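Here's a structure for you.
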Amino acid sequence: MIRLQSRGYEKLVQSSEFEVKFTGAEANVGISYANYGSPAFVVSQVPDHDIGQACINYLRRYGLDTTYVARGGERLGILYTETGYSQRPSKVVYDRSKSAFTELDISQAEWESILQNKSWFHFCGTAPAQGPRALETLVNGLKVAKRLGVTTSVDLNYRAKLWTREQAREVMVQLMEYVDVGIGNEEDCEAMFGIKAQGGDFRRGEIDTDSYVEVAKQMVDRFALKYQAITLRESISANQNGWSAIIHDGQEYYRSPRYDVHLIDRIGGGDSFSGGLIWALEERHDPQFAIDFAVAASCLKQTIPGDFNLVNKADVFALMVGDGSGRVQR
Amino acid sequence: MIRLQSRGYEKLVQSSEFEVKFTGAEANVGISYANYGSPAFVVSQVPDHDIGQACINYLRRYGLDTTYVARGGERLGILYTETGYSQRPSKVVYDRSKSAFTELDISQAEWESILQNKSWFHFCGTAPAQGPRALETLVNGLKVAKRLGVTTSVDLNYRAKLWTREQAREVMVQLMEYVDVGIGNEEDCEAMFGIKAQGGDFRRGEIDTDSYVEVAKQMVDRFALKYQAITLRESISANQNGWSAIIHDGQEYYRSPRYDVHLIDRIGGGDSFSGGLIWALEERHDPQFAIDFAVAASCLKQTIPGDFNLVNKADVFALMVGDGSGRVQR
Amino acid sequence: MIRLQSRGYEKLVQSSEFEVKFTGAEANVGISYANYGSPAFVVSQVPDHDIGQACINYLRRYGLDTTYVARGGERLGILYTETGYSQRPSKVVYDRSKSAFTELDISQAEWESILQNKSWFHFCGTAPAQGPRALETLVNGLKVAKRLGVTTSVDLNYRAKLWTREQAREVMVQLMEYVDVGIGNEEDCEAMFGIKAQGGDFRRGEIDTDSYVEVAKQMVDRFALKYQAITLRESISANQNGWSAIIHDGQEYYRSPRYDVHLIDRIGGGDSFSGGLIWALEERHDPQFAIDFAVAASCLKQTIPGDFNLVNKADVFALMVGDGSGRVQR
Amino acid sequence: MIRLQSRGYEKLVQSSEFEVKFTGAEANVGISYANYGSPAFVVSQVPDHDIGQACINYLRRYGLDTTYVARGGERLGILYTETGYSQRPSKVVYDRSKSAFTELDISQAEWESILQNKSWFHFCGTAPAQGPRALETLVNGLKVAKRLGVTTSVDLNYRAKLWTREQAREVMVQLMEYVDVGIGNEEDCEAMFGIKAQGGDFRRGEIDTDSYVEVAKQMVDRFALKYQAITLRESISANQNGWSAIIHDGQEYYRSPRYDVHLIDRIGGGDSFSGGLIWALEERHDPQFAIDFAVAASCLKQTIPGDFNLVNKADVFALMVGDGSGRVQR
Amino acid sequence: MIRLQSRGYEKLVQSSEFEVKFTGAEANVGISYANYGSPAFVVSQVPDHDIGQACINYLRRYGLDTTYVARGGERLGILYTETGYSQRPSKVVYDRSKSAFTELDISQAEWESILQNKSWFHFCGTAPAQGPRALETLVNGLKVAKRLGVTTSVDLNYRAKLWTREQAREVMVQLMEYVDVGIGNEEDCEAMFGIKAQGGDFRRGEIDTDSYVEVAKQMVDRFALKYQAITLRESISANQNGWSAIIHDGQEYYRSPRYDVHLIDRIGGGDSFSGGLIWALEERHDPQFAIDFAVAASCLKQTIPGDFNLVNKADVFALMVGDGSGRVQR
Amino acid sequence: MIRLQSRGYEKLVQSSEFEVKFTGAEANVGISYANYGSPAFVVSQVPDHDIGQACINYLRRYGLDTTYVARGGERLGILYTETGYSQRPSKVVYDRSKSAFTELDISQAEWESILQNKSWFHFCGTAPAQGPRALETLVNGLKVAKRLGVTTSVDLNYRAKLWTREQAREVMVQLMEYVDVGIGNEEDCEAMFGIKAQGGDFRRGEIDTDSYVEVAKQMVDRFALKYQAITLRESISANQNGWSAIIHDGQEYYRSPRYDVHLIDRIGGGDSFSGGLIWALEERHDPQFAIDFAVAASCLKQTIPGDFNLVNKADVFALMVGDGSGRVQR
C-alpha cells in the first residue's frame, strides 16, 4: 500500500504535498525483523506499473527481499494519513478496494517452493479481510507451513473498517488452527473472539494489565498456542502514550517494562512489536527477553517517522539496559 | 492580512522560506463557523493585485464566502510570525500600516444590502483600531445590524501594539452599545474597561477562574449584554497551555472543562473560540453547550497549523464526549 | 480526481514527495473560464471524507462554484504524473476504477434546476467513458440543456486507456446529436469518427494545418455543429511544442497564430483552450477573436504548474497584441 | 527590501511558500563587486526588528559590509515576484510605501565620515524616487563625494511604477551634475532624458546597437560624463534573452560580445552589470575590458537564483576567454 | 560516494539544503544495467556506520545487489555538486581522500567466489586512481575474470583532479592487458594514451566524428580489444548538449544517431552509456544495435535527476524507433 | 565544520535531504557572544573552495567576524546528525579526519597581531584534540594572550571519539596553566582530570548539584582558576532535559535556576552557555548574574534549530526575570 501523509502536523484538507511511503503490515514486520540482521521476505503482489515499482524499490531499500512479490492486479491500495497532536487524533482515510493484493493467487505448490528453508511464517489479520482469494492464498500458505514445520504467527489486528466482528471471527477462528504464536493489542481478542479484559477501559486510555494476563491465557488455551502476546497502549494524548506488553506461554506470564512514549509516528508500532518478538523468540526462546526486546524495539519505532522500524539490535539493547534518557550518542 | 511564518521552529532571522497563510480575525471566525455547516461571509477589502487575489483564494478555499470583499487600497497588511517552544515565546512582527482594510468604506445603505437575511454580525476589537474610516464603517454596520435584528458580537482582543488602553477604551465603550455578546480573554476586560480579576496573575500563567466569573458578570451588567464569555489561558510554556472558558448570562455562569493543550499553533485560538461559540449559541441557545463546544473546538484548533480551525462538528463532539486520548481514527 | 505529481523532474519511482493537485477536465475548463470574470459551476461527485473535501477546497480556491458537487461514492480517482523533459516523455499512471464520479446519478428533473439561468454546458469525452451511469447522467443533462436553449460543447479528448475507438465512436456519435460546438485535438476526430487529416504525421510532431481545416469542415457538416475547433500540437520535445488551432463555422475557417511554447506543464492545455474558447465565443461571437484568445490563453497555461489556467483577461490580451517577449511586468 | 518569491515557476496566486531573499539595487551592486575581492559597503536603513535584522544577516552573508546600515523606520519594503517562462512574463508586485529607506537621513558631516578612504560611490535611480528625504540624503552624499574626489556612478533604472517620466527627469537632471559614470538600459535614456535610439523597437525585443552608440555619446556630451554604458537586452522569451552592452568615453565606443542567455533569474541582472563595470574600471581603466567583464559577469548572474551575482573573478574570466560551453568543472 | 547537491540551480555557496544521493561509477553502471532486467552486483566497501548504511540502502533501492559491499574503512567519499545552466558550468567539489573504497582489499581467492557464474566485469578508470590497494584489488579481480572467461570492460574516465596524465597512463596501460571492451569519451584516449583526434576542438564543443573513428580503431589495434566505444559530447551550453557515440570492432565502425539533449542532470551520463552498452552487447552481439541502444539510454538518463538511469528497456526502445517528440504517455 | 542534518526527526538512513549548517565550538561561542552586541572574531581555517566559502558566509551571516579565517587545507570536517526524540537518542557521525583545521598553523607573531586590542580568548577542548599542529597553534595563542593580559577560558568538552581520557588529560593539564576561566559539563572534569562528583549518576540523568560544587572548587584550586563553571544536564528524555549550572570563584559558589527544557536542538547548548557566560562576566563581573544569564541564554538556544544562539540580550533578560511562560510577544 502507498501511505500518503500530509506534511508535518497539517490536516489532509490543507496539505499541498504528501510524503510518499509504502507500507503493509507484513512488510513492516519483515523490515523490522531484517534490521536485526536476519533475512526477511515478503509475499505479495503489486501492479505492473511505475507506482508498483516504486513500492518494490521502497521495500528493498530497507532490506526486505522482494523476490516473492508478483506483478499484477490493477492498483495499489492507498492509506491517506494525517498525524494528530494533543487532543486531536490521527486520522486515516482508506482507499484500498480492488488493490492488487486482493488478486494475489498462490497455490500450495508455489508455497512449497517459497517456504523451503524458511523458519517462520507471519501474517496479519488484515490479510484475510481482503476477500476470498486472499484468504485462500493464505490458507494454502499456512497448510504448507505446518507441513514443513515452519513456525506461524498472527497479529490479529482487527479493523472495523475492513469487516464486522462477526465476519472477522468466522474467518479467524478457522485460521487460528494453524497458528503457533498469537499477537494482539488491547482490543483485538475481544473484537475477534469475545475474550474480554475485565478491568480498565482502553477507550479512555486505562489499562488493567492483570486483566490482559487472563485474556492471553484464555487465548493460549483456546487455540492451543505456544505463546500469546498482547500489547498494551495507554492513550494519554495523540502524541503521548504508555506502551508495554505481556506474553503468556500457557503456564507463566511475563511483563515488559512500561515506556512513556512521546510519539513521532505511531503507525507501524504494532508491526515493529511483531518483528521484534519474532526475532527475539527465534534468537533465544526466552519469553522474558522476547517481550522486553519487542517492547523496547517498538517503543523506538514510535519515535521514527514512517511505518518501518529502522533501529538495529544495538539500539534496542541500549534501551533495554536502561538508557532511556536520550543522551546524544557521540 | 498575510501571515508569513518562518519554517518549523526556525526564528525569523534564520529562515530561508516563509509559509504563506492569509488571516484576519473576522475571517478566522467565519471559517471556523463555516466548518460546522452554515454559510459565513466576510466583509473586507484587499488590493486589486495578485497578492490580494491570493488572499481571496485562500479564504474561499476554506469555505468563506468572499462576495463582500472589495478590491481597493494599496497594500495588504503583514504579520511575520515565528513559533516559540518551551521557554522561548512565539514572536510576531506587525507590518500593517496603510493596509487596504484601513480604507474600507461602507455606507449604511450598503450594509442594508449586505446584512439582508443574515443572522449574526461579529467583529473584533482590532478592526476599529485600524483608524477612523474603519471605525465609521463598523459603526454603520452595527447600526444597521441592530435595526435589522441581527445579533452582534465582539471579541475585544486588545493589542497594545495597535493602540493605548485609553484609546481603546474610548472607542470600545461607544461600540459596546450595539453589542449583544461580548467575548474576551483573560486580559481584555482589564485592558479595555478596567474590569480586573482579583485573583491570580495571568502574566505568570496563573488563572483564578472565580475572579473571572465576577469580571464576566460586571461586563454583562455594565454593557447590558446577553452574554459575556471569557477564555482563560494558562501559559505553562510556549508549547503547553491550560485552556478553558466561562460564560455568564447575567444570572448564571457556566464553566467549560479545562484542557491541557500541547500547542502546534496557538494563533487563531481565540478566533476559533468565537466561531464555535457563535455557532453553538445559534444552534441550541444553551450556554453550557455553547461554552463546552467553543472550548473543545478552540482546543483542537491549537493543534492545527495555521489560523483556521479545520475541524468539523463531529470532531468537536468527539472531544466533548470525552475522547481526548488521541486514539487513531481508523 | 487527485493528481499526485513527482517533484520537479523526478520520476515516479524515485520521488519521496508528491505534489497534491486536484483536477478534472470539466473543472479545468470551468476554472479557466472563471478567471476571465464570469461565474462557472461544476457538476460532479466526491466521496464524503477528507480527501473529497480537499478536492472541493482546491476547486473553490481557484474560483469554481462547487454547489453542484455531491458527496458520495467510495473513492476519488487518481492520476499519478511525472513531467518529462527533452527526449523523455511525461508519464501518466491512471488509477480511477470505481471513482465517485462513476456513481454520479442526476435525473432530468435535477438538471432542470441546475441548468436554470445558465448559458453554456460543456463536457469532455472522458466523462461518458466512465460507464453507463455517467453516460445516462450526461444524456439527461444534454437533453435538458437543449430544451432550455443552453449552448453545449464537447472536448472529444479520446483516451485509449479508457475505451477502444469502437466503444468511443458508438457512444460519442449518439452524444454529438446534442452538441453545438465541437472541440478536439489533432488525433481525436480520427480516433473517434474516422475523420482523418490527409497530410503530416502528428505522431512525429508534423502538423499539416490545411488537412485539419478539412477535418473541421467534415465535423461541422456531419454533426450539424455551429463550430468545430481543432488544436494542433507539434511535439518538438517533451518540453517544447508548437501550439496553434483552427476553427470552422461550416463556411469559413479561421487560424490562430502559432506559438513556440517552452512547457512547464502541458497537462490541462486542452482544457484551458476550451475554457478560453467558450468565454470568447460568449463575449464576442467572433470566431477569429475566439480562436486567437483560446490559443493565447492555452499557450500561457502551459507555462504554469498545475492543471489550471491562472491567467486573467489582461494577461491573455497582452500576449494577443504581440508581447510574447516575456519582459518583466513592473 | 524583502523579495518574496513564489516557488519555482508557480504564480503568486497559487504558491504556499515564498522564498525569502533580501535585495536592493545598491546592495546587489555591492555584493557583485565584493565577490571580485574588494571591500564593499552599503549605506541604508532597516527597521529595528527581526525582519530588519534578517536583512542585515542576508547582506553580510554574501560579503557586504553593513556597518553603515542604520536601524530605524517602520517597515522594510517588499517585492513580491513570480518567475515567468516562455510567453508568460515575470511579474513583480511592489509594496514599498513608507519603507525604512524613505526615512534615511544622513547629513554631509556623516557622509564625510562614511566616504573617508573610499574610492567609489554608486547609486541607483530608484533611490531618489523614494521621496524628498532620500533625495536630500543622496545629494548630501554626492556633494561630499565630489569634494573628496570619490568617483560617482548612477544606474538610471527608470521605473514607471515609482514616478512619471517628468518627475524622474526633473530630479535626475540635477543629480547628473555630480555623476562621473552613467549606466542605463535600452529604455532609460529615453524615459528619463528623452534621448531616444533611432532604430529597432526594444518592446518587441529588437535592438539596433548602432542607435545606442549614438545615445551613449549624447549622454556623455550632455552630462560631461567620463563614461556612459548601456546594456542591451533582447527579450526573445521570458526565459531566453540576448544580452550585450556598449560603453562610450566621449571619443570611442566599445562593444561587448552578445550572449544568448537562458535565464534562471533575470532580476538583479542590471545591478550585476554595474558591479562588474565598477570593479573592472577600477582594476584596469580599460573600457573594452570593462564592458566585456561586466557583460560576462551579468550574463552569469542571470543563470543564478536570487538577486546577487555569486561568481568570482575566475568564473567571469573563464567565460570571457570563450568557454561558454558549460562543461562541468571537475 | 555521497553526492550532496545544492537545491535546484542554486550555487553551493547559497544553498541551505543538499539533496542526498549516493553514487559511484560502477554502481551507476550496475543500476543502469539492472533496469533492463538482468541482475547486477557491485563490489565495494562502505564504513560501518549510518552513512554507510544509507549508501547501501540507496543502491539496493534501485535494484543493485549489494551482497559484495564490505563494511569497513573510515569514511565515505563526498562529491559536492551544483548544476550549471546556460553559460554557467556545473561545478563539482571532491572530498574523497581516505574514503572506505581506498581500503578495499580483495584477494584472488575471494574474487574467485565473487565472479563464479558471472558473465561480465566492468570497472572505471577512477578506481585504480584511488591508490595502491585499490589497484591491487582490481588487478586481482581482472586476473580471475580472465581465468574464468568473464568478459571485461573499462570506462577510461580520466579525471585530472585524481591523477596526472602520466600517472594514469602508467597504470592504465597495465590494466588494458586484461580488457576486452574499451569505453571512453571525447578526451580520454588522448589524456590517457596520447591517441588524439585530428579534427575539431571538444573544449569548444566541436566534435569531428570521423577523427574519433580513427581513435577508436587505434585503441582496438593497440590493446587488442574486441570493441572500443567512444561517446561524443558537444557542449552547446551547460543545459544543452549534442550526444552521440561510435563503436569500432577493429574492422568496421558503427555510428549512433545524434541527440540534441536538453539536460536535467548530465552527471552519470557516461555510466549509463556503459550500462546500456554492456546490456545490449550481451543481449544481441550486434554493435549497431548496441551503440544505438547505449546512446538512446544515456540520452534519457541525462533528462533524469540523479546519477542513475531509471528507464527500462521499453523506454529506450521507444526512443530508438524514433519517438523523441516527448508526447505524453497516456 | 559542516553539519549535515537529516530532515525533521528522520534518521540518517532514511533522509533524502540534509539541512546544511556550519558549526564549530568556538564559532558557536562567538556568535552567541556577538548577539549580545559585542564584536566577536573566530580564528580558524577553511579550504579554498566553494564549501569553504559557504562556511565563511554562514558564520558572517550571524555576525561573526571571519577576518582571521585562513583559506587552506584539503577539506572541511563533517558532522552528520539526526535528532532523537523520547527514548531515541540523537546520533552523531563524525567525519573530520584531515580537516582544514588540523593544518592551521599560527605563529606567536601572528597571534600578537590577532590578539591586539582583544579582551578575551576562548577555546574548546576539542581543538587540541585535532593533532599536534592545532595544539601548537593553540599554545602559541595562549602564551600571547597571557602576555597581553587577555582573559582566557576553556570549555573542556571531552569527546571520547576524539581521544582517550589519558591522551586528553596529558594535553589539557598543560593547557590549564594558561587558563583563567574553566567551563565544563557534568562529565568533563571526571573524564579529563579524574575529579569526580560523589553523588548521582549523570548517565541516568541524575544530578547531585552539591557534588558538583565540590568538583568546581577542586578545579579552581588545582588550576588556580578565577572561575570554574559547570553545566548540569539531567537527561529526562531525548527531547526533555533539566538544565542548570553552578560557578565557583574559589571562595563562594553560585547556582542558577533550573529550567525544564523541551528541546528543539540541544547541539550547541554548551557553547551558548560559554558565550553567555563570557559576555556576562565581561559586562558585570558578577558571578551570580553571569551564571543566571548563561543558563537562561543556553536554555533558549536549545529551543532553536541549529548550533547558534540567535537570541539577544532582551530575550535572555525576559526569561531571567521570570517569564518562562512562553506567552506570544505581540
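Read from first to last, the chains carry the letters A, B, C, D, E and F; within each, the first residue is number 1.
The rule we apply is simple: a residue touches a chain if its C-beta (ideal position, glycine included) is under 8 Å from a C-beta of that chain, and two chains touch if they have at least 3 such contacts.
Keep in mind it's a predicted model, so treat the numbers as computed, not measured.
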{"item": "Those chains which touch chain F and also touch chain B", "value": "A, D"}
{"item": "Length of the shortest touching-chain route, chain C through to chain F", "value": "2"}
{"item": "Degree value of the rotation bringing chain E onto chain F, based on Cα positions, nearest 5", "value": "180"}
{"item": "Option in A-B, B-C or E-F whose residue-number contact pairs overlap B-F by over half", "value": "A-B"}
{"item": "Distance between the centres, which are taken as Cα means, of chain C and chain A, whole angstrom", "value": "45"}
{"item": "Contacts with two or more other chains, residues of chain F listed in rising order", "value": "8, 11, 13-14, 16, 57, 91"}
{"item": "Listing of all chain pairs that touch each other, if any do", "value": "A-B, A-C, A-E, A-F, B-C, B-D, B-F, C-D, C-E, D-E, D-F, E-F"}
{"item": "Contact set on chain F toward chain A in their complex", "value": "8-11, 13-14, 84-92, 94, 159, 161, 203-205, 235-239, 266-267"}
{"item": "Chain C residues touching chain A - in the complex, by the definition given at the top", "value": "4, 11-20, 49-51, 53-54, 57, 74-76, 78, 80, 82, 91, 93, 95, 97-98"}
{"item": "Residues on chain F engaged by chain D in the complex (per definition of touch)", "value": "57-58, 60-63"}
{"item": "Of all residues in chain C, those that touch chain D in their complex", "value": "8, 259, 261-264, 299-300, 302-306, 310-311, 315, 318-319, 322-330"}
